[in-house]
Amino acid sequence: MTPIMSKSDAADLVVAARVRKGLTWAQIADQLGAPVVWVTAALLGQHPMTPEQAQTVCGLLDLDDAVAESLRSQPARGTEPAIMNDPTIYRFVEALSVYGPALKELIHEEFGDGIMSAINFKIDIARRPDPDGDRVVVTFDGKFLDYRW
Amino acid sequence: MTPIMSKSDAADLVVAARVRKGLTWAQIADQLGAPVVWVTAALLGQHPMTPEQAQTVCGLLDLDDAVAESLRSQPARGTEPAIMNDPTIYRFVEALSVYGPALKELIHEEFGDGIMSAINFKIDIARRPDPDGDRVVVTFDGKFLDYRW
Amino acid sequence: MTPIMSKSDAADLVVAARVRKGLTWAQIADQLGAPVVWVTAALLGQHPMTPEQAQTVCGLLDLDDAVAESLRSQPARGTEPAIMNDPTIYRFVEALSVYGPALKELIHEEFGDGIMSAINFKIDIARRPDPDGDRVVVTFDGKFLDYRW
Amino acid sequence: MTPIMSKSDAADLVVAARVRKGLTWAQIADQLGAPVVWVTAALLGQHPMTPEQAQTVCGLLDLDDAVAESLRSQPARGTEPAIMNDPTIYRFVEALSVYGPALKELIHEEFGDGIMSAINFKIDIARRPDPDGDRVVVTFDGKFLDYRW
Amino acid sequence: MTPIMSKSDAADLVVAARVRKGLTWAQIADQLGAPVVWVTAALLGQHPMTPEQAQTVCGLLDLDDAVAESLRSQPARGTEPAIMNDPTIYRFVEALSVYGPALKELIHEEFGDGIMSAINFKIDIARRPDPDGDRVVVTFDGKFLDYRW
Amino acid sequence: MTPIMSKSDAADLVVAARVRKGLTWAQIADQLGAPVVWVTAALLGQHPMTPEQAQTVCGLLDLDDAVAESLRSQPARGTEPAIMNDPTIYRFVEALSVYGPALKELIHEEFGDGIMSAINFKIDIARRPDPDGDRVVVTFDGKFLDYRW
Amino acid sequence: MTPIMSKSDAADLVVAARVRKGLTWAQIADQLGAPVVWVTAALLGQHPMTPEQAQTVCGLLDLDDAVAESLRSQPARGTEPAIMNDPTIYRFVEALSVYGPALKELIHEEFGDGIMSAINFKIDIARRPDPDGDRVVVTFDGKFLDYRW
Amino acid sequence: MTPIMSKSDAADLVVAARVRKGLTWAQIADQLGAPVVWVTAALLGQHPMTPEQAQTVCGLLDLDDAVAESLRSQPARGTEPAIMNDPTIYRFVEALSVYGPALKELIHEEFGDGIMSAINFKIDIARRPDPDGDRVVVTFDGKFLDYRW
Amino acid sequence: MTPIMSKSDAADLVVAARVRKGLTWAQIADQLGAPVVWVTAALLGQHPMTPEQAQTVCGLLDLDDAVAESLRSQPARGTEPAIMNDPTIYRFVEALSVYGPALKELIHEEFGDGIMSAINFKIDIARRPDPDGDRVVVTFDGKFLDYRW
Amino acid sequence: MTPIMSKSDAADLVVAARVRKGLTWAQIADQLGAPVVWVTAALLGQHPMTPEQAQTVCGLLDLDDAVAESLRSQPARGTEPAIMNDPTIYRFVEALSVYGPALKELIHEEFGDGIMSAINFKIDIARRPDPDGDRVVVTFDGKFLDYRW
């Protein structure tokens, strides 16, 4: 009996195979017919895949069954603090530190006392051409949940 | 000589006046002709206002010059960690913890090595009606900056 | 213009009045016709009250309008870490540290990939007589939310 | 001489065997005749098992004696902070952050100065059907202990 | 309406009165007919006193009713980390850091899986004459509680 | 040349051998003619043993010379914070958090300005039968050291 | 007798007077005939000023002697962590996180084992026009100190 | 399939090869025709290299293709806190702690509300001869970015 | 009844009076006939003074009885972490970080298993002229205490 | 190509060889003709050795070239926090916590605004016989560096 390969080891193998085969995350997502942020997050270890999804990815990337088993398994979600300080990720953290309390005020004003769900939730990223330099546009889209006793 | 009123004290007075006068953040933003998230963040202490903006707000809310002086002053930006754990704000933090590394991968894939600026940046919030429950849609929109030596 | 009284100052006054008048939390909750854990949490600063609820409480406890205004205001929720180490609260923290991963496994087994909502949520406490010593029974009751993209 | 297998390694093997054999935690608990939260927690490393329990589990899951020895051994209890931030577990942590001080007030009101034991304690989880979405119901049930010098 | 005086303010006044009147903690405990560690801890804010105890202390120390009301109130227990680093307290912390795991092993060996209660618990301090220098002897005495589901 | 086996690896082997041979810590201490808390702490890596003690233990437990060399070596003392949160150890930590400042007051009152040594120090644990449930009695016994310039 | 005004209070008054009089830091530095970064840092509380410097500043800004006394006093240097997260300061922190180990390698390569002094040290900031957007140029200039026993 | 060699392992091999071949970082940078701080940082794992750069380095240092693949890969940037406390790096951290708020004031005074980019950014180090001891001169040079909604 | 003035407030008044009267710490120590580091530390709040010492200091500095009462009171010792990062203090912290493990090895080699007491302890500071720049010489001098059960 | 052996692994081998050969740190220092604290710190990984020193040590201790290469390499200096809590090291940390601010005052009084260098620095340890128990005497000796712009 061996343990299930860790999500982190599986992600390392997925990344290595993806790079060596010259595939983009978008191409993998296309093959799966699933949204690209979801697919990327899942392959990095944040969501369990269905057996079919795991099989498709491993076929595409020539990865063996142990990886597929890991991709199907239930994750413990979250990212270690050191990684959150990477500049590309930190800018989002900084934006929340600057605008978080304003978002809270406006959610309460528009919807009442409650939250944007991070579970019934999707997130997308797009490139918007701009003559002053193209822009990264990231959309958080979650169901409003009101405090309801 | 007295110190400039702190941004935090000014924000407390703005909030009190806003509530007592029954004004929304959106109405204040309309009066200023400026985006509502920016206005809310500025009034909570995250951006300096121009003298005209500060005057307009204080006129609208019957706040005295000391508040206007504080609103014009340059802030030290950021939010204390305890506030980031408020559930309404924390859901955004959690979403970054789950999707941050995926966003990083996809920014690099689409744009190359760099970041979404948090300075040349705007953020918006909207309500999207949905039969399964309306949704909070928050859009981060920042200029891509590539690592350029 | 004065700031809105902080939730913490309002809670201190509510506690002082409650003790001096010899009222229980349960009696206050009865007057409000609302669940006792919700009422206690709200009066300690974790939920906004309706104007009617705030008025009723302040009438009952002889507290002035500034307290009522504070009770109506929107809170930043959460408790500082030092208080979470009080022994009576810490035992719940410890129980989560011991049983949290098991609860996670069993939620996934029974419901699938998702969470118990802490927003569409209620909590109750009861005393259960037991010949070996009465027992504290606390029930967390939240809607299951599945990860749904 | 080799060290006793760590509780964490044993848990990884139990989880792998459970998944590959298609057994639920509930089925394992049934075989042991013990409560399912206790069994799950014990197999994840939070409680020592009796030799008979350990033997039953290893027989059921085809795990060897080294795993059984580990399951019998005395644990150092607790969960690392990173895991407590997994969304499924964090909701319980958040609920305590919001309702912990209220529970403390109500325990003192109903029972006097003391705590709910986390040792003479049991915890259960159930699914409650609800037309608005089924609910996760978790019950903490511990003996009241009064401060007694 | 004024808030109840904080336990910390009450303790400051008790300490000041005790010093100025030249009373020892032991003398105060004698007047109360209660154990000296319990009395000292209670007056420093870690236990609620009965109305009679609070009255006796305030009479003895010429403190007014606001102090007595504070002494009767229910505390949030615990000591801030900075104080735990005071050398006189830190030596106990260090001893636990060196001997804590050994105590755990020996509690399990002698009593089985469980803990020493910190609630059904008393602690005493004594001076033991010794020709090589008198010794501080501190006794922790708590009921054993076994993990009992 | 190989490094000296770490204290932690040696402790793991001692624990494994002790369990498999069915020996108690008390029996090992008897063989060494040394106090049981000291012996347990030393075998868990908190004190160096003499060559004779190390040899006796390794003979008794059938452990090889590499373990004995490790047991003789000088430790870096202390326990990692995660272990201090194990419930059996944490109750002592909590007791210090509640009673530490009182102990400080009483040491100063009885002995003057100084500390209980944690070096010229011994600690013992005993079981005291009690009809309401047996009690864990732990005695800290250290030489008083006064601040002496 | 009153305490010396804190450096932080003095800095708040300097900032308020500077803003209200419409003076720049550069103009104040010119009046003092001292480098602008040094002057700004000193007025924010990081360096003691000579009596003449303190007098000149207070004359220029109409601040009273209590401020001058504070400006002359010896500071405890450093900035609280929350301020270091302000985006304008954080970019320097981030740059050190990315390039710190490289600077260390190159100092050792060019100078040998040692450090750049932060005491025998000056720092300057300049604006460098650039058609792609002007640049902030900050120069750290410290004496090399080699590890010398 | 094997994972891509970690940046940290690649850096260890680069450092070992560089030392054993007696090459300086400056010589490697010369071979690459790239700035020495950039090259050093990239080889320590903070920047991805182009395939040509990675090939050149590995040829120069006799390192195999697995290293080159790692050097080409996208990093998670940043340095662990323990390394930031190395004295040679810490002096820069200390300088920021002393002068950071002054730099912030002067950037705002000269450029307006904004930041020095750490992305459109270069950094250089030089030795400046000085009769009182040569000096380490480090220049941070980043594009000014104004807060622009 | 008023609380005893805090050690920190008393230290602020001592420092203000010392500066305004132009006295050095050494002169105060001379008046007390006590070692200068001890006196300075005591006046900064780290040691209780005898009534005579407190009286002498307050006479010398024209401070009132409330200060003397505070100087006599028992301190909670230690310095907050932010102050330990002041560069003048931090260099000692850094030296311990570099040489602490070496000191430990050499204490064990020369004295056996034990510590240098920080209680039966004195510390002195002196200036040693040196043609290359005068030197700060700080001597820690504490009784060796062996681990003695 | 293999990485250079880590300083920590080299130190483990030096310690093992030293113990097994029955050599003291002082004897090794004598062989090197270098101060014993410097030698011990260097062998524990805090200073690079010259090739001759590294060779001498490895010859004396029968360690191979890989160790010598590691001893010559440039360290990242500092000690992990857990080790700083070892009682033998912690007493120095505690002494700084008690006397650090006093040392700062006295350095400023005697030398002016500046620091004791931790780079142009030496440290020594000696045993001073004393009838009341021998004493550990540790001398920090660093060049004074004044803040000099």
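Worth pointing out:
Note that the chains take the letters A, B, C, D, E, F, G, H, I and J in the order they are written out, and that residue 1 is the start of every chain.
One rule holds in what follows: contacts are C-beta pairs under 8 Å (C-beta built on N, C-alpha and C of every residue); 3 or more make two chains touch, one makes a residue touch a chain.
Small disclaimer: the values here were computed from a predicted structure and weren't measured.
Any chain touching chain A that also touches chain F appears here: C, D. Minimum number of contact steps separating chain B from chain G: 1.
Two chain pairs are in question, D-F and C-F; the one with more C-beta pairs in contact is D-F. Centroids of chain H and chain I (each the mean of its C-alpha atoms) stand 42 Å apart. The distance from the centre of chain E to the centre of chain G, each centre being the mean of the chain's C-alpha atoms, comes to 47 Å.
Computed centre separation for the pair chain C/chain D is 25 angstrom, with centres defined by C-alpha atoms. With centres taken as mean Cα positions, chain C sits 33 Å from chain A.
For chain A, residues touching at least two other chains, in rising order: 76-78, 83, 85-88, 94, 97-98, 104, 108, 114-115, 117-121, 145. In this structure, the chains touch in the following pairs: A-B, A-C, A-D, A-G, A-H, B-C, B-D, B-G, B-H, C-D, C-E, C-F, D-E, D-F, E-F, E-I, E-J, F-I, F-J, G-H, G-I, G-J, H-I, H-J, I-J. Per the touch definition, chain C reaches chain F in the complex via residues 85, 87, 90, 94, 97-98.
Put simply, chain I touches chain G in their complex at residues 9, 12-13, 15-17, 19, 61-64, 82-83, 85-88. Per the touch definition, chain E reaches chain C in the complex via residues 1-4, 69, 73, 76-78, 80, 118-119. Chain J contributes residues 24-26, 36-37, 40-41, 44, 46, 77-79, 83-84, 86-89, 91-111, 114-118, 120-121, 123, 125, 127-128, 130, 132-145 to its touches with chain I in the complex. Here chain A touches chain C in the complex through residues 35, 38, 47-48, 74, 76, 104, 108, 113-115, 117, 119-122, 145-149, going by the rule given at the top.
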